[in-house]
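Chain lettering (A, B, C and D) follows the sequence in which the chains are written, and residue indices restart at 1 in each chain.
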Amino acid sequence: MVNFDILRSGSKNISFKLGGMIFLSVIVMAIFAPLIAPYSYDEMHISDILKPPSSKYLLGTDQYGRDIFSRIVYGSRIALKVGILVVIIETVIGISLGLLAGYYGGKVDRIISFITDVFWAMPPLVLALAVVTLLGPGLTNVMIAIAVVSWAQFTRVVRAKTQSLKNMPFVEAGRAIGESDISIMLRYILPNTMGAIIVLSTLALPSAILSTTAMGFLGLGAQPPTPDWGVMLSEGISYIGTAPWISIFPGLAIVYTVLGFNLLGEGLRDILDPRLKV
Amino acid sequence: MKALLSVKDLRVNFYTSAGIVKAVDGISFEIAKKEIFALVGESGCGKSTTALAIMRLVPYPGKIVGGKILFKNKNLLEATGEEMTQIRGKEISMIFQNPLTSLNPVYRVGHQVAEAIVLDNIPKRKAWKKVIELFKNVKIPDAEERAYSYPHELSGGMRQRVMIGMMISREPSLIIADEPTTALDVTIQAQIIKLLSELRDTLETSILLITHDFGVVAELADRIAVMYAGKIVEMGNVYQIFENPLHPYTGMLIDALPRITKKEGRLEEIPGSVPNLINPPSGCRFHPRCPLKKEVCSTEEPSLVEVERGHFVACHLYGGGKA
Amino acid sequence: MEYTIKRLIIGIFIVLAVTVILFGIMHAMPGDPIELLAGERVSPERIAQLKAQWGLDKPMYIQYFYWLSRIIRGDFGTSMVTKLPVIELIKARLPYTLLLTGSALIVQYIIAIPLGLLAALKWNSKIDRIVVTLSIVLWSMPNFWLGVLLMIIFGIKLNLLPLSGYSGLKSLILPLLTLSLPSLAGTLRLTRSEVLEVLREDYVLTAYAKGLPKYKVLIKHVLRNALIPVTVMFFLYLPWLIGGSVIVETVFAWPGMGRLLWKSITVQDYAVVQAIIFIIALLTVISNTIGDIVSAVLDPRIRESL
Amino acid sequence: MRRVKLMEKKIGSLILFFILAGAVVAAGCIGGGGTQTSTQSSASSTSSQTQKEVTLVIATPEEIEGTDIQQVSWANIVHDLIFQSLVVYTLDLKGVVPNLAESFEVSKDGTEITFKLPKDAKFSNGDPLTAEDIKKSVERYRNVSPYSEDFAVVDKIIVKDSQTAIFKLKEPAGYLWAVLASVYGAPVNVNLANKIGNEAFNRKAVGSGPYKVEEWVQGSQITLIRNPDYKTHIPFVKNKGPFKFDKIIVRFIPDDFTRVSELKAGNVQIVFGIPLEQVATLKKDPNVQLLSYLQPGIDYIMINTKKPPLDDVNIRKAIALAINRKELASALQNLVRPAYGYLSLAQVGYDEATEKELQTEYSYNLEKAKQLLAAAGWKDTDGDGIVDKNGKPLKLTLMVPLDRPVIKKAAPIIQSQLKKLGINLELREYEYSYIRKMTREGNFDMAMRAYWWNDADILIYIFHSDAGYPWSNPKVDKMLEEARTIPDFTERAKKYGEIQKAIANEMPVIPLFSEYQYVGVRKEVKGVIMGIDGSIYLNDAEIS
């Protein structure tokens, strides 16, 4: 059939741009939080409890009279921290196991695949809950828990990619000139799996953030007075009748950020993953 | 002679984010009944696009932007989707380059052929019988068994035979064969070529042969059009082209011939490469690669002129410029 | 086939591993059901006494083997909290969870597949963009948040639907939506991308070339092939079908397995958690295998490799 | 090959079949449950003659563990409806009055309590309820209940005649009333329990309460139908006979928001466990009335008196003084009552005088607190706002129970109040029971806890050395042991007054407040009576 690759190349991608912009805006919010936020995130105004949005409190105040806007701004730091750290842990585990399994195959592969399957067979949220209940609540433990339940997907992808790559001529070449297995994995194979990994990470990040909010909802989130969006939201829900702003705005913040990352991921995949390039 | 298909000034553009690509840029040719007409050129020169344009199957982001395609004096470019459905398979059918990807992996090959046959409201059982006999016609051994195989269970040659069987099943008056042999190895190629020429005689169909392989052309074609960068640069009957190639490009293609068949027809011998069609070279599009170029070549675009009866060429060497 | 059998054997080991891990986690957790339940007025001695009654004083591996041997005999044990047989607790909730998740899954597929197809066919058009963006937005919502919003709108402001619990099929609607909308987005996008891929296959051109009318091409050649992975996906959902959704069931006070599971984790009702996880793990393995078989049945190329 | 072809079709239909089957089966089962109840209800409605049956719907946050009060570790409204205690406290907790028992008397030395049962007393399943059953109940309680020690002081029970049971005590025990007057001490139909086994009995227990279990839909609700034989001798209720609702459905709705929404929507008439953030709205709601009662006990901070620097009483007192309970209360929208002593007025043994005394001594005084810290050598030398002693800043962690909403809400405020004192307090949220465990193991700095029991005797489980917490004091041990044996209510209160002062003097535990508890009742429900400790009486209740 006609070959369109020349024609397709460099197709510009809306969702990527949009996602990128949202992503940047969150970054900016996180970095310049102290400049943007009018108050500190834990500053209580006992006299101004549950005040609706006003010029004094842009998005109103919560049950302690803390400025919700400020908390949301600072919260972006938490969200990013959670997302990024979780993804880093996942990718590190995923890549190393995936590379080993894919490259060596045989017993190594069977063992690693087995472990992966085991984690695959556990209901993620349940496992996460169990882990957090075991480690005790708190952001760090939540992050660990989420990473523990969701690294498997990375392993699977990297493994598959590696398998398809390891017999490619350029890898053979590497072997021919006597490169060590490690350097072949890191210098020949890994770079070629990066596309997939980047896509997977950008998509894993928002789901990490969502999982955190879920944990927060079940009361296993960050420790007060940390302005974690999930915790803010779930605490606010009980005020939804009297003071909807407490939960609505953090909710929107979550949707905004997660949406941004999802768009970014979608875009990246369209660009990097030839299977879906149209 | 009365033309079965005549393409007039056909233009197809691809609208990519990188820019507009004039994949087919105003080409015209005719195909008579029972004639085998070959469209030759390197990949990316627009010959396949021409074929798809005739089927009205140009894929996104391609668009037919001008010209006429008269088939039996009916302009296909004005036909409705419904009418095209009637024409496809029944009047014009198309054999594709890669027989593996061109058959649906999840259906038995017999089924896929029968699917076409039943369109002429022939009862299923009859249709199956017809499939078997078609398979016999295209020389598929123990056809009854094969009809139940899945594509991946067949060799490349067999699959291409199935494709051919499928495309002749409704006795179309024109078959477009897009690189029918490229994906096959040499021995099989010969068989398929033989099969095609026989079919032309038995079924009295015309064939539009799309290929980059002058070997195939030499064996099959009556008339030939050489395409370069979306334009026809030379057109004539098989003797005129082979005995007396006028356009330097044609010459090079023919010179490359003996080596082609060995090297599965890659044209390294021709220096330079297919030009970028988003902003094609000024003047004659071939001049950057042309050994005999004059300065007009880079400024003026030569037009297609008839230098001897039925032998056309677009080149300044033959005063093509005056037009 | 022997490939499938091999898969199943590995599967059994997977299930065992899962139970071991969770058993480990559960028992490593601080405190145990007895302590969790006992009020202020229970003295340390009494607690020790009760623990002995439940065999919690034994070393962990012994407890595990007790549990295992009981499971093999099909006995899921007794809940320390309710003192009722676990199987009974599960039986009581399974129908509700099946009703909720089952119908959620149906709705999800019924809506997602046509939309996905539409989006793919109208690729890059307005419709496509709208559908895709919408699905990503849904995809990006915390589902308890979505649930509460729905509650406020339909339950309180409009007062159209029951808010919580199970009182007739009407109370199914809100949890159903909350559950299916986000996951719907997933299926939709899968369908879309698969269809897009198939649409670029040569055999689709072939189908047109031999004169098949558009609808035939779309149904027989495009959908038929594109839906293979979507169908397989369906089977990977099955475990969740039984497991229920912790969050949605909590928000809507739905009397299902998810809530039972969550509550049992918080009070560390070992027997219950173990039983449910065991069932889910088992189901995961089984449905993965079914997934293999189905994809084999649907795709002859894979059939070879089995 | 053709076979496989067939299979393709099969799978397709199989998928569909599965889903449908699933849904149908599900619907089927549920429908089954439904029909079952409906038939039942028609039966009961015929029994309640002409007028159509009246149903009351109650919502509670937690599902019951079981219906057998002797097997569960905590009681709720369901048990109050199934069982009937021999006696109850008066609404102000100043005395005890008969309930199931027709009358009772206590011997002068307080070691002998005689209960007289009405001659026609019955269990809700019709079995006769005699003195023998009282005896059996107590014995069973001693075996199966986690609180088996409640009756430890009972030496033996003498069945004088079928209607007279005499409790012989090892020593006088004022605190025994707390059990006898609570549903925990209520008689259960032991014969039946033995016949059908504890497991079955826990599913459908039988007492002599105003209602009997009809159907318990696990994870969802329990349906109770009226016990026509019910009879009570409580003086402060008008209706001594069966209740006015043919049916009471108790729904278990864990999610606060949902539970309250259901009350607003009128789908339930009575809701327990109103979260404090909803109180304001509900007070405005014209269709809802809020009944409030005070927590029978206090929320407090326990301090690890063995762990430096908290082993220094001055620091503990400094912290106590730095906590501004008034601000705390207002921050919690005055839904709590500041506590300076260790008992709330909803507890037997509370002593007003002591409370006042402790209040004057320990109410908020940041200056004094700072002086105490300085005296102990903690000053802010590096001006970072945090006091330090030889270079180490004062950093403490406070364990916060995440399953106790009010305490959880108070924690960050205390955090910010102690900051003013120059203490860097870190919060750590855990399950309440985990915190109890950690405190028992002495593995903590400070921990927020609470107790709920309407008798001062609860103190013995916190402050007596046997309770196993870091702090103990032999003098206090002795006082606590004495206090439980005092039969006279006012005498006992005095004793507990001294005890509280003795404890406060070493401040191992900082009292914070008692929570106001709210029960939401639809306006159309009239005649609900509630005691100051939250004990609720529906005898006179009816829907208008």
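Keep this in mind: contacts are C-beta pairs under 8 Å (C-beta built on N, C-alpha and C of every residue); 3 or more make two chains touch, one makes a residue touch a chain.
In this text the structure is predicted, and so the values were computed from the model without any measurement.
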item: Centre-most chain, if every chain is reduced to its averaged C-alpha atoms; value: C
item: Chain pair with the most C-beta contacts; value: C-D
item: Most widely separated chain from chain C, with each centre as the mean of CA atoms; value: B
item: Cα-centroid distance, chain B relative to chain D, in whole angstrom; value: 87
item: Euclidean distance of C-alpha centroids - chain B vs chain C, Å; value: 52
item: Chain A and chain D: spacing of chain centres that average the CA atoms, whole Å; value: 42
item: Computed distance of Cα centres, chain C from chain A, in Å; value: 22
item: Shared interface positions of chain D, touching two or more other chains; value: 257, 261, 264, 403, 430-431, 434
item: Multi-chain contact sites of chain B, meaning residues that touch two or more partners; value: 52, 59-60, 96, 98
item: Set of chain A residues in contact with two or more other chains; value: 1, 133, 136, 237, 240, 278
item: Residue ranges of chain C in contact with chain B within the complex; value: 123-124, 200-203, 205-214, 220-221, 224-225, 228, 298-301, 304
item: Chain C contact footprint on chain A (complex, rising order); value: 1, 14-15, 114, 117-118, 120-123, 125-127, 129-131, 133-134, 136, 206, 210, 213-214, 217-218, 230, 233-234, 237, 240, 247, 251, 254-255, 258-259, 262-263, 266, 275-276, 278
item: Residues on chain C engaged by chain A in the complex (per definition of touch); value: 10, 13-15, 17-18, 21-22, 25-26, 28-30, 123-124, 129, 132-133, 136-137, 139-145, 148, 152, 193, 196-197, 200, 202, 205, 239-240, 243, 246-247, 250, 261-262, 265-266, 268, 273, 277, 280-281, 284-285
item: Parts of chain D lying in touch with chain A, wherever the complex brings them together; value: 256-257, 260-261, 264, 275, 277-278, 280-281, 327, 330-331, 333, 400, 402-403, 409, 411-413, 415-416, 426-431, 434
item: Complex interface listing, chain B residues touching chain C; value: 52, 55, 57, 59-60, 81, 85-90, 93-94, 96, 98, 101-106, 115-116, 119, 150, 152, 163, 166-167, 169-170
